[in-house]
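The following blocks contain the structures, represented as C-alpha cells.
Each of the next two complexes has chain A plus one other chain: chain B in the first, chain C in the second.
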Partner chain A sequence: MLVQQRKRMAFWLILPTLLLIVAFKIAPIAEGVVVSFQAQSMMRPNPDAFVGWTHYKRAIFEEGVFGAALWRTIVWTVGSVAGAYIVGLSIALLLNREFAGRTLFRALFLIPWVIPEVATALLWKWSYGDEFGVINFLLMRLGVLETPILFLSSPGAAMASVIVVQIWKLYPIMFITLLAALQSVPRELHESAEIDGATVWQRFVYVTFPYIRPTSVIITLLAAIWTFQNFDIIYLLTGGGPADATKILPTLVYEKGFWGLELGYASAISLLMLLCMTVLSVTYLLVYRAQREET
Partner chain B sequence: MEMKSGGLSRRDTIIAGLGGLFALGYKGANAQGQANLTFWSVRLNTPELSAALKGILEQFQRENPGIKITHEPVSGNLVYPKFMAAIRGQSMPDIAEAYSYHPLQFAAADQMEPMDDIIKEWQGNGLLADISNEFAYKKFLWKDHYWGVPYNLDIRAIYYRKDLLEAKGIQPPKTWAEFEKAVIATHDPSKGVYGLAFPAGNFHIAQHYYMAFMFQAGGSILDKDGNLVFGTTAKDANVRALTFLTDFHTKHKVTPPGIASHNTDDSHTIFVQGRAAFGMGAGLMISRIMKENPSMFDKVGILEVLEGPAGPSGRLTAGFYNPMFVWKHSPGKEAAKTFVRWFVQPGRLEPLYRAAPGQHWPIFKRDAGTPRVMENRLLREALTNVVPYATDFAYPGFGRPEMGVIDGEKMFAAPVNEVVVGAKTPEKAVLDAHAAMAKLFV
Partner chain C sequence: MTDTALNPGGAPRSEAAMNAWRSREFLMRLGLYLFLSALTIVMLFPILWMASSSFKPQSELFARDMTLLPVKWTLDSYIAVWQGTSFPSYFLNSFKIAVASTALSVIVGMYAAYAIARIKFRGRYAFGMLLLIAQMFPQIMLVIPLFIVVQKAGLLNTHVALIVCYAAFALPFTVWMMRGFFETIPEELEDAAAVDGAGILKTFHKIILPLAGPGLAAVTIFAFIRSWNEFLFALVFLQSRTMFTMPIGLASFQEEYTFRWDLIMAGAGIITLPILFFFLLMQKFIVAGLLGGAVKG
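Moving on to the complex of A and B:
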C-alpha cells in the first residue's frame, strides 16, 4: 500500500517535467518528422502536400551538399572532441598535483566555459583577423611572420581554426570532469606501482586511465553531441566559408531552412543528422559496454 | 498561393485555431477604439537610427491618436528565423520594414496584404512619378499585385582617396580599364596602402559588389521577363565581370590578403583607417568617415559608376529599395496602411537621413537635393555619381520571390568567394551558381 502510494506520488512529481519534455522536445521532433515529409517550401503553393521521401532522396542522392557537410561535421566533431579531451586531460593531470595557487588556476581554466558562445566567436574572430587580429599583429611585430596567417580566409586553415575555438570552449568541462575522476584514483595504487618500478606513462595507462575511462567515455560522448549540433561558433566565425570549407550540417540546415525557406528539406536534413547522432551514440555505448564486460 | 479544393488542411486548421485564440485575446483595438499595431524594423536599429525613428513614431502618434505603434527591432542576423517563426505561429507584425524581397517571399507564403491601393494613390497624387527609379516599386510587383512599397534606398559605391590619386597624377577612373590601372598604381605595401578593399566573404552584403560589375559587363541574373539567365545567355558577361573583380586579388594581388573572410564592415574599416586607395562600400561608409576619421573626409571621393564592356547602357550599380509591408491577417491592417501612407511621405524621414548620413537615401526625387545633401560633398557626389544608376539585382526583370532565396543563400557571393580562394575558375563558379539558382525556378 505504502509502495503504491509512493509510486503514485513519484508519478505526480515527475509529471510536470514529463509534460515539459513532451511539449518542448518530443512534440517539436514529431513536428519535424511530419514537416520532413511535406513540401513545406515558402516559395511553393500547398506547403502541406505530402512528398514522401523526396527531401531525403534529394539530400542523400541528388545533392552533394549533404554528404560533404556530413563529412565536415565529422571532422569538426572528432577534431574538437579529441583536442578538447587531450587539453582537458593534460590540465586535469597538472591540477591534480599539489601546488600553491591550484584553486586559482582551477577557476581561471574554467573561464572559457562561462563565456557565451557569441562572445567566444567574436573574441576569436578578433584574434584571428588578418588585418585587425591580435595573433597576426603580435607575430608580425615580433618578426615571426612577414604576411598574416589567413586563419579564416584560407579553406585549408579555416576548419582547423574553428576547431581550435571549439577546443577552447570545450576543454573546461573536460578538465573539471576528469579532475573529479582523477581524485577518485587511490593514491596507494600509484605508490605501489611506483615501488614496482612503473614509469610515469605506465602508471597513467595501467593505474590512472582505467579509473577515468568511464568518465572519459561519458564526457567525450556528451562533448561529441554538443559539438555535432553546434551552430554558433562556425556561423559567426566563417558563415560556413570560405568556399564552403566549414559548412557543417547545422549551418546547412539553417541556410536551407531559414534563408532558403525550405522547411521540409531542412527538416529532412535535421532528421538525418539526428539519425547520424543516434547511430554514433548507440555504437559508442555498445563498444563501451562490450569493453567493460571484457574487463 | 493556390487554395486547396475542399476541406481544411492541417495548417489552415492551426491558423484558424490560433486566429480564434488571437481574436479572443486580441488587444488590437481597445475600448476607446484605439488600434494597437506592432512594427518590426530590421534596418533602423543602430542607436542613432532608433532615436530618430522614435521621434518619427511619436510624431505619428501625436497626429494619429487612434493608432498606437509598438516598435520592435529585429536583428538582421535573425530576420528570417524571426519571420519564419512568426508565420508558423501566426504572430507576424502588423507592419514591417525589412530586406528587398521579403514581401514577395511572404506573399508566396500567402501572408502579405496587397499594397495596390497605396500605389494607385501615389499614381494619382504624383508621388509615384517622383520616385527616382521605377525599379523601386516595380520590384514588389508579382502576380499582378504590389506586395510592398519602397521607403528607402541603400546604395553601393566605390570610394577613393583623392590625395593618393593626385600624388600619382591619376584622374578618378571612369572605365574598367582606367579603374584597373589606377588600383594597381596606387597599391603601395611599403606605406601600408592596398590598391582596393572589397569584401569577398561568404556573406550577404559582400555579394552586392559583384552585381555592379555584372551589369557593367552586360550581364545579369534574370532577363527582362524574369527568366534565369545567370549561367546561360548572360554567362559570358557574368564570367567576365567575375574575372575582372577577382583578378584584383588573385592576379594583381592589390587587395588585403584575407578578403575571402571579409564582410562589408571589414572593407569599410580598412578604407576608413586610410589603408586602401579604393574601397567598395555601402552608403554607410560616409557616416563612418564623418564619425571615425573626419580628417580624411576631404581626401575622399566617390567614383562615378564605371563604364564596362557593355558601354554607357551598362553603367549601373547595385542599390536596394527597401520595403514596408503589411500582414494579411492583421486585425488592424487598415490602420497599418494608414501608418505606411503617413511614413512614406516626402520629407518625413529626414531625421533618419540626418542620423546616419549616406546610409539611407530617400526614394523621392524632391527629398534628394536638399541642403542637407548639397552641403555635404560626399553626399552630393553620391547623389550625382551613384544614386541615379542604382538598380536592383533582379534587373532588368522586376519582382520574383526567388531572388530573396538567391540573396539569402548567398548564391552570388559564392562565386566571388570560391574564385578568390582558388577553389573554382570563374566559369565553373558561375555555372555552379546557376545550377543552384535553377532549382528555385522549377
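Moving on to the complex of A and C:
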C-alpha cells in the first residue's frame, strides 16, 4: 500500500520536469522536422505549404552551402578540441604533483571557463585589433612582425584566430578532468618504469596514458559536441566572415533563418547538422568500445 | 610524477650528497613556481588586458604606446557605461531573468531529482535516459522551432519566453546533479521519519532539503551562470532595447558605439565580475560538482 503510494507520488514529482523538457526540448525537434518540409519563408505567403525535399536539395546540391560549412565546422571542431586537449593535458601534467599553492593555480587556470561567452569574444576582439590591438602591438614591438596581422578580417587568418579563442575557452574543462584522471595513475608503476630506464616520453605513453585514455575519450567527445554546435564565439568575433571564411553550420543556420528569414530552409540545414553530429558521436563511441575490447 | 620526479636517484647516501640534493630540489621547485606563474599570466592575459583597458582613460586606449597597466587609473568608462548608456537596464533584465529561471528550474528539478534518487517507480530508467538525450540536442537546432512557437504564442520580445526556456534547458543538468547529492544522504534518516508517519513530501522538506544545502547551492549557481551568460535565445527572442539582457546589449554596443572600446570593456567587466566572484567563492564545490560525473552541458 505504502509502496504503491510512493510510486504514484513519484509520477507527480517528475511531472513538471517531464512537461518542461518535452515541451521545450523534445517537441521542438519534431516541429523542426515538420518545418523543414514547409515553405516557412517570412517573405512568401502561405508558410505552411508543403515543399518536400526542396530545402534539403537546395542546401546540399543547388547552393552547396552545406558541404562547405560542414567542412569548416570540422576544421573548427578538430582544431579547437585538439588544441585544447594539448594545452589542458600539459597544464594537468604540470599540476599533478604536491606543492603549496596548487589549489590556487588550479583555480586560476580554470578562470577562462567561467568568463561569459560575450565577454570572451569581445575581449579577444579588442586584443586582436590591427591598429590598437595588444597582440599586434607586442608582436611588432618584439620584432616578430613588420606590419600588423588582420587576425579577424583576413580570410587566411580568421579561422586560426577564432580557433585560438575556442581553445582558450575549452582547455580548462580538459585540464580539470584530466588532472582528476591523472590522480588514478599508481605511483609505484611510475617508479618501476623509471628504474627500468624508461624515458619521460615512454613513461607517459606506456604508463600514464593508458590510465587517462578513457577520460580523454569522453572529454574529447563532449568538447567536440559542444564546439560543433557553438554559435556565440564565431558569431560575435567574425559573424561568419570574412568572405565566409569562418561560416560554420551554426552561423549558417542563424544567417538563413534570421537574416534571410527562411525558417524552413534553416531548419533543414539544422537537421542535417544534427545528423552529422549523431553520425560523428556514434562512430566515435563505436571506435572507443572496439579499443576497449582490444586491451 | 610527484616526488620521484624530483628525486630520480633515490635517497642520497652521504651528507654532502644530501645537501646537493636539497638545493637541487629547491631549484626545481623554484623553477616550477616561476614557470607556472609565467604560464598563468600568459593564459589570463586577455582578462588582465580587459581589466586594465577598462581602467584606462579613453585617450590611453588608443595611444601609440601601450602600457600593461593604466598610466592614469580612472573609473570613467564604468561611469560612462552606467550613466550614459542603457547598460543598467540590461543588467536588471539579466538579473531578473536569471533569478526567475534559476528558481523555476531548481524548484521543479529538485522534486524530480528526489523521485529518481529514492523511489523505484516504473519508467525511472527511461526518465533518466530522456534527461541525458535532452541534454544532447543543440540549442542552435531548437532555436528555429522555438522561435516559431514563441511567435505563435505572442511571446516574442517578452522575458517570460526566456525564463521558461532557460529553466527547461537547465533542468536536465539540475536534476542529474541533485540526484547525485540526494543519493549521498543516508536513507535510514528517511526511514525513521516514515516510521513516525511523515509523508514523502514532508520527509523531503524537513529532512533531505536541509542536508542537501551545499549541493543545492552549487546547482543554483550553475543554473544562474547559464542564464546570465546565455546569448542565442536572447538574440532571437528579444527585439527592443528596453528588453535586452546584458550579453546581447553589450554585443549591440559594437554597432551603437563604434570604437568605444572603453564602454565595451567596462561592460564586459561588469558582466564577468559577479560570475568570477561566485566562482572563486565556490571554487571547491564547483570543481567537485564538475568531477562528480556530469560535466557542463
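The rule is simple: the second predicted complex is superposed on the first by the 271 of 295 C-alpha atoms of A that agree within 3 Å, B and C clash if a C-alpha of one lies under 4 Å from a C-alpha of the other, contacts with A are read in each partner's own complex, and residues count from 1 in each chain.
Going forward, contacts are C-beta pairs under 8 Å (C-beta built on N, C-alpha and C of every residue); 3 or more make two chains touch, one makes a residue touch a chain.
None of these values were measured; they are calculated from a predicted model.
K.L.:
Return fit or clash for chain B versus chain C, each positioned on chain A through the superposition.
P.N.:
clash
K.L.:
Now for A:132: first (chain B), second (chain C), both, or neither, which partner does it touch?
P.N.:
After superposition on chain A, A:132 lies in contact with both partners, chain B and chain C.
K.L.:
Quick one: name whichever of chain B and chain C touches more residues of chain A.
P.N.:
C
K.L.:
Looking at A:238, would you say it contacts chain B, chain C, both, or neither? Reply first, second, both or neither.
P.N.:
first
K.L.:
For A:263 in the superposed arrangement: first (chain B), second (chain C), both or neither?
P.N.:
both
K.L.:
Contacts for A:89 in the overlay, against chain B (first) and chain C (second): which applies, first, second, both or neither?
P.N.:
Touch status of A:89: no partner.
K.L.:
Touching A:187, do we find chain B (first), chain C (second), both, or neither?
P.N.:
Only chain C is touched by A:187; chain B is not.
K.L.:
In the superposed arrangement, does A:107 touch chain B (first), chain C (second), both or neither?
P.N.:
It touches chain C, and chain B stays clear.
K.L.:
After lining up the shared chain so the two structures overlap, which partner does A:272 touch, if you call chain B first and chain C second: first, second, both or neither?
P.N.:
Neither partner.
K.L.:
Report, in rising order, the residues of chain A that make contact with chain B in one complex and with chain C in the other.
P.N.:
Of chain A, residues 132, 257-258, 263 contact chain B in one complex and chain C in the other.
K.L.:
Which chain B residues qualify as touching chain A in the complex?
P.N.:
1-2, 4, 9-11, 80-81, 84, 87, 105-106, 108-109, 201-203, 256-262, 266, 269-270, 275, 401-402, 404-405, 408-410, 414, 417-418, 420-421, 423-424, 440
K.L.:
Enumerate the contact residues on chain A facing chain B in the complex.
P.N.:
Listed in rising order, the residues of chain A that touch chain B are 42-48, 129-132, 147-148, 150, 152-155, 158, 238-244, 255-261, 263.
K.L.:
Of all residues in chain C, which touch chain A in the complex?
P.N.:
Residues 1-5, 8, 29, 32-33, 35-36, 39-40, 43-44, 46-47, 49-50, 53, 61-62, 66, 108-109, 111-112, 114-116, 119-122, 124, 127, 130-131, 134, 136-149, 164-165, 167-169, 171-172, 175, 194, 200-201, 225, 228-229, 231-232, 236, 246-248, 250-251, 254, 261, 264-265, 268-269, 271-272, 275-276, 279-280, 283-284, 287, 290-291, 295-296 of chain C touch chain A in their complex.
K.L.:
Please output the residues of chain A touching chain C within their complex, sorted ascending.
P.N.:
Spelled out, the residues of chain A in touch with chain C are 2, 6-7, 9-11, 13-14, 16-18, 20-21, 23-26, 28-29, 31-32, 35, 40, 91, 93-99, 101, 103, 105-112, 114-120, 122-124, 126-127, 132, 134, 137, 168, 173, 176-177, 180, 182, 185, 187, 190-191, 194, 208, 219, 222, 225, 228-229, 231-232, 235-236, 249-250, 253-254, 257-258, 263, 266-267, 270-271, 273-274, 277.
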